[in-house]
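In the two assemblies presented below, chain A is common to both, partnered first by chain B and then by chain C.
Let's look at the complex of A and B:
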């Protein structure tokens, strides 16, 4: 049995003026100890999916329209609030995008980590403090600095603190929402390397949200490409990187500038992502797709298995036309 | 070589110790102490508090003991502030009476601050319908002028120190709650609140450990500035006969008696007024200084 199985998850944000379809029928599976990369451009529904797993969608606007989130055999969508609280931070924890704002400015970093341990560990405050210091040392921060406040740390250090906090209770799943976007490139590499090491040592599974395909290539076992709230291509790292099929995935790879060719211009995907409050009929990508036919604009596409371990949501790919 | 290394290590250890100890509060205290006007206010307040708490040490007279033969004595060696219409020593009555004035003012400030924190943080944190309900309730409270509200409440509950405290505090709830609500709303949007929820922290715990500590500064400022106003309201209520009743010495009620003799015997009006004025002056100066110290950005 897999650790986490998301089936047909749909999350909509309903306000008086609009009905935003943020996530539409997403299916994902994460195996124990494996890393799934969730890739897509801004607004594709990656973060909403992640928050959806933890049931942290803003209420009352955010609604689960359908779906199941099976974590260790239990449906999280049916869990009570108390059960959910014991899952958050304990079994599933999350690393946020911006370490500058993810830490409380008026609590020392040691206290913040100890808070999480104390919350779930049911141990004394003194023990929690001790473990917090150990966690800090594990992410490469000297024990003496536990009594310092977040503003005394640099961005990369803060992200280390956030990671220490997320891993403090030995979760079986770590959701990392663009953990390195706010960091500069050299620090990115350090942080990712450290995360990979910690993950390996503890057997933690990870959902890595990013729009950097380079990071995916380095860290993930499986990849899901999201577009307009749908998974449009899903498979193992090798299948996706060596044999991308969906026109959008091809476009993503095509837009990465090549190092060894002398190119004048970049090759972006033309157009913009559709407004999630007014999604087009048929394939969501058809108006930007170079291969689209009239049929694409009218027929809903299914995520279908193209080869073993590789699913694509495109009728023309399935027919072998692309 | 080794000595140098040792010295460096020692220095580094001292430095970390220093940064740890020299926290935010220490800095605030330093800024506060450096503000001369504020310190003057603080000294006034502290002096008053000491005077009131240690009242028996500063006078030999009993504030309740009447001696009609001695009535309306002008300030002199025996009675430094003179005596009132029943021959009681005015200085004794003023410093004993300060106990009531200050205690009621502190009590009312505490009560209204607590209520304000409770209502404001709930409204600000949860938002939506809860917020709407609480805000409308505050609107109703605020629609009534605070002194009028205090008069209404104390005439309904009856006089006495405790009821006066309750009546005064009602007027302060709305302002405190509103301030709290806006502060909490701005904190609620921060990612570390979401991060706290993602670690499984319950709403109550999130508010207590992550939201409230961030609101301490504006809260202290609000409380210290409202003490002055509360003293004024208490004296006002006692002055019109709804607050603390005679023979209990209270500045407002002493003043109310003095009003009758304003043409013939000035000490009975001047001295209680002076006490009220100095107290309010002191607390406002101190409150202002505290605000500058806690939020140095506000000053310029």
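Let's look at the complex of A and C:
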């Protein structure tokens, strides 16, 4: 049995003026101890999917239109608020993109980590404090610094504190939402390496949200590419990187300047992502796609299995025309 | 092609309560017409300050800046304003660098107005032409910046910089705030403009794959000082300074068959306030020796057009 199975998840934000279709029929699976990379551009629905798993979608605008989120055999969408509270931070925890705003500025970092342990661990305050200091040392921060406030740490150090907090209760699933986007490249390498080591040591599964295909290549087992709220290509790391099929995935690869090949020009995808409040009919990508036919503009596309461990949402790829 | 910009021993120190902050410390380079100098480094290494000081948006503390052989370091405010027509800048954040109360056409016409160029009809014509050049559809002429996405806003920034027909543009992280597919569109636009108009760029960025793609030469900075400078392709083929090696091997590569030798850098940037007279990279360098503590290494040419500031460059690279 998979650790987490998301089936046909749709999340809409409904206001008086608009109906934003942020996530549309997403299916994802995460196996125990594995890392799934969720890739896409701004507004593709990556973060909404992640928040959706933890039931952190803001009511009343945010609505689950359909779907199931099965975690360890139980549907989280049917869980009570009390049950959810014991899942969050305990069994599933999250690392947010911006470490500058994810920490409470008026609590010391030691207290913030101890709070999580105390809440979920059913242990004394003293024991929680002791374990918090151990967590800090594990992410490479000296024990003496436990009494310092977030503003006394650099960006990379703050992200380490956030990671220590997320791992404090030994969760079985870690959701990391662009954990290194705000960091410099050498610090990013340090943080990613530390996360990989900790994950391996504890057997934690991870949903890694990123827009950087380089980070995916070095850290993930499986990859899902999202576009306009849909998963448009899904498969093992090898299948996606050796044999990308969907025109959007190809466009993403073509947009990155290479580090060892000389190219005169980049090959970007023309146009922009559609407005999630007014998604086009048919394939959501058809108006930017070089291979689109009249059929693409009218028929909804299915995420279909192309080969074992590789699914694509494109009728023309499935017919072997691209 | 002749030289367009020459910078000699440029320094910019800022006063802070803790002492002088060395944002740019003894930087020299030459850029020829039609070339692009890429400036890379981590946050706080002084790359943006360098770009702005060359344009004289910030007064240098010491050193000289030459434009087409003419010393522009101490020219009057009036002369400086005339020079602005030839030297422009594209800012990093298209969300905060545009006046939210002006329409797209007003924004693009602003530089022309500031220099009293053309009459109203002429300006309108020029704005329409510029919008075409940067790929902005005419239907956005009366839109406000908040109605546009990041890529289109950055196109406004490019159009503004082009409006006075400059020869030299400092691009200060122009694509960092954009998604990768939009980033590629803007990079292609900048390259086309350079080819068609013979523009010269300083391209400031922290993204190494972007800088390799667009630059002729690359300058690597670390805490205000020059660390390495050479041709763009050479830098990626054979980096010589330990910092450059670490920086390059820290980039995640979107290729799963790529196995690289990794030079891991420990620690973080040290403080740029009153740095000691020693190699600035000493705290993070895996090759540091006693000599590195004695004084700051000189920036010297170790191979044709390849400059490095490192005491141990020969031993590290078996040269």
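Heads up, the rule we're going with is that the second predicted complex is superposed on the first by the 316 of 322 C-alpha atoms of A that agree within 3 Å, B and C clash if a C-alpha of one lies under 4 Å from a C-alpha of the other, contacts with A are read in each partner's own complex, and residues count from 1 in each chain.
The rule is simple: a contact is a pair of C-beta atoms (placed from the backbone, for glycine too) under 8 Å apart; a residue touches a chain by one contact, two chains touch by 3 or more.
Note that the structure is predicted; figures quoted are calculated from it, not measured.
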Combined model on chain A where chain B meets chain C, clash or fit: fit
Contacts of A:69 with chain B and chain C, given as first, second, both or neither: neither
Partner chain in contact with A:119 - chain B first, chain C second, else both or neither: first
Touching partner for A:215 - first (chain B), second (chain C), both, neither: second
Touching partner for A:237 - first (chain B), second (chain C), both, neither: second
Which superposed partner A:228 touches (first chain B, second chain C, both, neither): neither
When both partners are placed on the shared chain, which of chain B and chain C touches more of chain A: C
Chain B versus chain C as contact partner of A:60, first or second or both or neither: first
Chain B versus chain C - smallest C-alpha distance in the overlay, whole Å: 17
Residues on chain C engaged by chain A in the complex (per definition of touch): 42-43, 149, 151, 179-185, 187-188, 191, 206, 208-210, 212-214, 233, 236, 246-247, 249-256, 258, 264-266, 268
Chain A partner contacts - residues on chain B that touch it in the complex: 16, 19-20, 24, 128, 190-192, 194-202, 205, 209-210, 213-214
Chain A residues touching chain C - in the complex, by the definition given at the top: 41-42, 154, 156-157, 184-190, 192-193, 211-218, 237-238, 241-242, 251-260, 262-263, 265-270, 272
Interface residues, chain A side, partner chain B - complex: 54, 56, 60, 84-90, 93-94, 96-98, 101-107, 115-116, 119-120, 144-145, 147-148, 152, 162, 165
